[in-house]
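Listed below are the structures to be examined.
There are two complexes below, and they share subunit A, which is joined by subunit B in the first and by subunit C in the second.
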Partner chain A sequence: MKSPVFKAAAALLVGAALLAPAAEAQQPKHGGTLRFVMKYEPPTLSALNNTSTPTTSAKVWDGLVTYDADLKPLPMLATSWSLSPDGLQYTFSLREGVTFHDGKPFTSADVAFSILRLKAGHPRGRGTFANVTEVKTPDAKTAVIVLSKPSPYLMVALGPSESPIVPKHVFESFDVATPPGPPQHIGTGPFVLKEWVRGSHAVLDRNPNYWDKPKPYLDRVIVRFMPDAAARAAAFEAGDLDLGGLAPVPLSDMERYKNHPRLAVDTRSFAYTGAQNQIFFNLDTPILKEKKVREAIAHALDLQAIVDTVFYGYAKVSPSPISVALSTWYDPAVQPRKFDVNIANKLLDEAGHPRAANGMRFPLRLLFNPFIDARLAEFVRQSLRRVGIDATTQNLEFGAYVKGVYTDRAFDLTIESLTNVFDPTVGVQRGYWSKNFRVGLPFSNSAHYENPEVDRLLEAAAVEVDPAKRKELFSQFQRIVHADVPSVDLVSPLEVIIANKKIRNYARGAEGLGDNFSDVHFVD
Partner chain B sequence: MLENRRLLRVLRRTVLQAVPTILGIIILNFLLLKLAPGDAADVMAGEFGAATEETMAMLRQRFGLDVPVLQQLLAYLSNLAQFSLGQSPRYGVPVSELIGQRLPSTLMLMVMALAIAFGLGIALGTAMALTAGRWPDRVLSLVSLFFYSVPGFWIGLMLIVLFSVKLNWLPSGGQETIGAGLTGLDYALDRLKHMILPATSLALFYVAIYGRLTRAAVLEVSSQDYVRTAAAKGLPPLAITLRHVIRNALLPVTTLAGIHLGGILGGAVVIETVYSWPGLGRLAFESVTRRDFNVLLGVLLLSSFLVIIANTLVDLLHAWLDPRVEVR
Partner chain C sequence: MTTATERVPEAMPESDGAWRSLRAFLRNPSAVIASLFLVFVTLVAIAAPLIYPEDPLSMVTRPFLWPGQNPQFPLGSDTLGRDVAAGLVWGSRISLIIGIAAMALGVTIGIVVGAAAGYFGGRIDDALVRLVEIFQTTPSFLMLIVLVAIAEPRVESITVGIALVTWPTIARLVRAEFRSLREKDFVTAARGLGYGHLRIIFIEILPNALPPIIVTSSVIVASAILMESALAFMGLGDPNRISWGSMIGAGRETLRTAWYLTAVPGVAIVLTVLALNMIGDALNDALNPRLSSER
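== the complex of A and B ==
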């Protein structure tokens, strides 16, 4: 086999492989239409007062900064920034020569307006920007965010998909809470909204005046809204779609796309989403007040089996209240409780819940967020039955689910998808902070978990400017919560993307498909 | 002259009957919808994934959900009295605008589906009746039984797999080639191409029904005296079938078609979902899950109008098909 000819051929092949990316990197090709699919149609394409639309918003509106995969800020509308030593003033130098889609120049007044509007109307912005007292604009190209308390998470909350910078002259007279319609879709972003046919699609055309020349490379992005998984699968197969995220086709079908001639499966986790699935215990249920019962339930669940069977491998075991997707803050010392039915049985016996004649110890009501695959609920139900807990699942649609858990509190266990977003203070604290036990408020502290030490750690971490000290606070938080078991953290689902093999750079940084697509191009 | 007056009388009576019917539909629907757990604010706050109590209160106030149910109903009715369907708080646009965008798509799909169901069903039924008991009848009976028993979404998916994925003849979904900027005849053809598969999927169930119905009616009519008379006076078989048999056999089919109109609107939800068709059915379905009740009530109201109008049309069609039928 190892003839000189073979070696030469191998060398040539390796050479070609090395050359190919280099040639590609030279100058991306201009032109082409990207057909992007979303599962649900958001009420507005803007993220200004709605958090269900990060992917569309980022194409039309830029943020002050964007992020690499590790959440390191990169310049966008701001070219540089600095933080005062006391952590109370962020100063941003803004990019010169940027105009909005309507031709008006972008200035610091727009930044000041946007930050305050996000504070007033963005569902998460009310929390993220709560400490913002004012935004100073010493000149047209400088904006200073002034805080009453340090907010270490602020710098990761300024991406285009989370905090769009909107034109003051358009939104000044526009209601804070009304979803922006097409006339308000004016930003500085790489794409301009051309049409939006509700229930069908939106067409975004290339912004020829985009500041980051020669980008964007694409002529057009078509966003299609297709609620049916089978329809999306068919459209991918028929060549009618190029890109879709959040597992656009059922995971059970994914195998077919792995060896597809035209399509590729791309699995990653993005720090900006911080995907996490967990079980919350209702600590108001008498039987669940007993820690041994909660520990027994944790021991009864095989997390790796959940990854392998329910998620077909498209998830990572994520045993801590802070998702493994947030690698900066996740504490690897927190490991899953050992999967062992015997330990679980023993703990339940010790807690004084012997099996009755039918083999069952006690019943529990198990709910699950309908955006989670029902098979996860089925898995948990069967695991609990194995140790004698007679769990009954109820399949509720979203409105009924939210009311059932957060208003009526008519549950014992609920499988939630409390994503960690981009920072634990923003995404994790809400589930464990005793002051956020608020009946009627979706995605609050559903367990009714109260631990003064946890409260203290969370509150300290929220204002700690030193990253190392903050990490230590979050580590302590994770260890205490893991020991207290108000929740069993399960897995972090991967973002499963299906993409045409000929497109490049659709998810460059931490924001995943919330990328602005300015760098997306087709290759031959 | 007399004919016109009679028609006017019919219209007046239809309107008089429609008003209490529609009022009943609105009130009943409104109260039923209020029974659903959770409201629009719950759903929106849930979708946000993060909200504060102030956000919730603001949403409820903006949606008009912070007042008692009866007051909400009265507010809705008073809106209606001013010919306004209200606003969709979720989208922030008037309900009439949302419905106006979707109505043409749904109507086209419905008309096309009904046309296919009617045309194909009657042809199939006549063919079955004319070959009653022989193999073409048996085969067609089997086919229509198949159409009758398989669910619409499955047929839809199978048609997509065959005609879009495998053969690549027709588009897999949507109602036009997005962003192609076609005009005139090209545009019309493009729309037609997109409509073939969804309309067929929607129609096949009704093809089966109309086929069976036509078969039975044609068999019955064929044994009537006037058919024998027509044959006796030497009319060719085709003329007998078309002029004397089918025309009479159509009566039960048209009656049923009027009733089916509501059913087709309902079936459209599934087909619109499978084919990503931006129609009323999906709008209604999504409004339910999002508790966007203004939109839903608007759609229901419009659907009841459509059914009432269709039934009036069927009455008139009856009178035309059979001169003996008095327009009631």
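== the complex of A and C ==
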């Protein structure tokens, strides 16, 4: 290690390492076609009234702002912004010289229209923008969002993957709830929809008039829709795909991609999604009204084993109602209940449920969101059977599942993937707020959990402008919910990305693959 | 068939014919091997709770043990650490139960419909033939998927679903047999003696129509096992019971890294279905004297 030759070599290496990114930053290569894969074909590429398309929307529509990896807002269509001291008015200065794909100029009227349209038609926008009373447009380049109550989460809800800014002149006459079709795919974004072949792919071409010159670097993005995991894996191996998210190949196969000469595995987690899998108890089931039974179930589950076997390591233990992926708000004091079959058995015995002759104590119906790997349900079922709970699973397709849990309430336990998105008020409150126990409303308070103190904390946090005070409110919330056990929080799955090693900057900020791809380029 | 059926039934030398058929069957070595294999599978299925008393779905060891790696788990373990050998043994139960029960139900429906259509003819025949055609013109596996998806996948619903898509084959076969048999002398004789329709159908004609039904039944058991496997492979099996198809479906994701998870239950299905088809062929030879004498 101490030979002068070695030192020289080391110095040279360090130098090369310093030079290389600098050279790259100077001259990103123009051109190339990016082939991006989605698992399911969405009804529209737009996130205007649809939550299944966060990865395509930003390519066509910009947001007011975008975010760095720590959720710090960065300018996009808004160049600067300010909040009034009472927390009730956000003023945005808008970018000059921006035009839509059809050549019409972008103005504050489009911002006002889009925010109100998101409030009316976006599944989460109804909550996020619930306090918006009006959007003032004092001039063409200024928009003021006026609120009835402070909404501290608003500033993180304005990314292009969540709140796209659409042209008023196109959408004014367009139905609020209908998914926008190709004629409505007109935005200010870096790519223009050229064609959409249903059941196969969509072609997005470079927007030559994009405001952020010289971006975008790519000539074209092809979005392919491939529902079969094996087909996606084969296409990646054949070199037909460059990029895909949400674990596009089976996790069991991931090990092979780690050493792939052409492909890379990216396991960063992104603050905008807040992935979380949890079990909700139906507290209307008499046997589950007993806290000892719910605690016993929590003790019967080995969360680390779930990460290791079901997710092959591609998840993190996430024991609190606020996902560990939301590092700003997750309270590390909340830790999983100890995995111990003896404790679980003891609690169930104490609760007055002895084992019958066949070794079982009582039956429970276990449902699971079909977007979750069925192996997680099998793992939970077998863990419960081990402590004498005769759990049976049902394979339901998505519609039947939503109806079974949220309308018919024909379940005792359900494994949900209630993602926390970018803020607990938007993503977590819906599952625990007693006023959100609404039969028939998907992804609401399925447990029928009612705790006045939790309601108070959630409602206070929703309007608390001071981040430190807000964090304390959410910490108290997490501790109470963890003690009450209306749910057992399990894991936060990693949103594994497979990417061609030659592409750069496909997920710059908190939005992950919801990035607008304007900075994506190939290197040699 | 010709010699037996042209007599008045009371005079039928049934035992003679049965013995001859059995002898013919036993002279066919592949039939004997196939039968022995099926007997073995059946015994294993019956003895499953004795061989592996524990729930075959329970996670008993570390995941991805290869066959032979640990003598305690001779066929290895799957992605969640479940014993593949236990799954194979318990899976034979579901496969055989569904195969045999679906066949029995389908054959019963088929015989009732086919016999009524063939025996009575006329409008009843027209109506029942239309019904059979409705079922036969719908792709049977698609219909099965729809039926099971609506009824929620459980062993009972899968069995009924398979029976509902297989009965038309039997119905057409039975109808054809009845149409040719109803004009025979022994049937005319039975009518002349004043027997009722039910007695003529079930006591006089049906026994004479049985040989082709028996042959087809063995093939139907095989195809029912395949259909259940295909359903389970697609995730439409009973999630709380292990079957060979569900083992293949679960192992499919790891086909490249742990091929034994699909190969082991796959071989079990292939051998069982092959055995049933060989028995079907042998039965066909044995029960059809004309064919066997031609050889």
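For this structure, a couple of remarks:
Assume the second predicted complex is superposed on the first by the 507 of 524 C-alpha atoms of A that agree within 3 Å, B and C clash if a C-alpha of one lies under 4 Å from a C-alpha of the other, contacts with A are read in each partner's own complex, and residues count from 1 in each chain.
FYI, a contact is a pair of C-beta atoms (placed from the backbone, for glycine too) under 8 Å apart; a residue touches a chain by one contact, two chains touch by 3 or more.
Keep in mind it's a predicted model, so treat the numbers as computed, not measured.
Aligning the two structures on subunit A places subunit B and subunit C next to each other without any clash. Look at A:Pro250: by the touch rule set out above, it reaches subunit C but stays clear of subunit B. By the document's definition of touching, of the two partners only subunit B reaches A:Thr419; subunit C does not. In the overlay built on the shared chain, the residue A:Asp240 is in contact with subunit B alone; subunit C does not reach it.
Within the superposed three-chain model, A:Ser151 lies out of touch with both subunit B and subunit C [touch as defined at top]. With both complexes placed on chain A, subunit A has more residues touched by B than by the other of subunit B and subunit C. When the two structures are aligned on the shared chain, A:Ala374 is found in touch with subunit C, with no touch to subunit B. Touch criterion met: A:Leu441 reaches subunit B, while subunit C stays clear of it. By the touch criterion defined above, A:Phe398 reaches subunit B but does not reach subunit C. In the superposition on chain A, contact of A:Thr407 is made with subunit B only, not with subunit C. Contacts of A:Phe225 after superposition on the shared chain: subunit B is touched, whereas subunit C is not.
Here subunit B and subunit C sit at a least CA-CA distance of 5 Å once the structures share a frame through chain A. Applying the stated touch rule to the two superposed structures, the overlap between the subunit B and subunit C interfaces on subunit A comprises residues 230, 397.
Contact residues of subunit B toward subunit A in the complex are 36-39, 42-43, 45-56, 58-59, 62, 90-93, 98, 101-102, 153, 157, 160-161, 164-165, 168, 171-175, 178-179, 273-276, 278-279, 282-283, 286, 289-291.
Subunit A contributes residues 229-230, 250, 252-253, 255-256, 309-310, 374-375, 377-379, 381-382, 385-386, 392-397 to its touches with subunit C in the complex. Contact residues on subunit C toward subunit A in their complex (touch as defined above): 55, 57-59, 63, 79-81, 149, 152-153, 235-236, 239-240, 250, 252-258. Taken in their complex, subunit A has these residues touching subunit B: 33, 35, 41, 43-44, 50-52, 123-124, 126-127, 177-181, 194, 197-201, 203, 220, 222, 224-228, 230-231, 234-235, 237-240, 397-404, 406-408, 419, 421, 426-427, 430, 438, 440-443.
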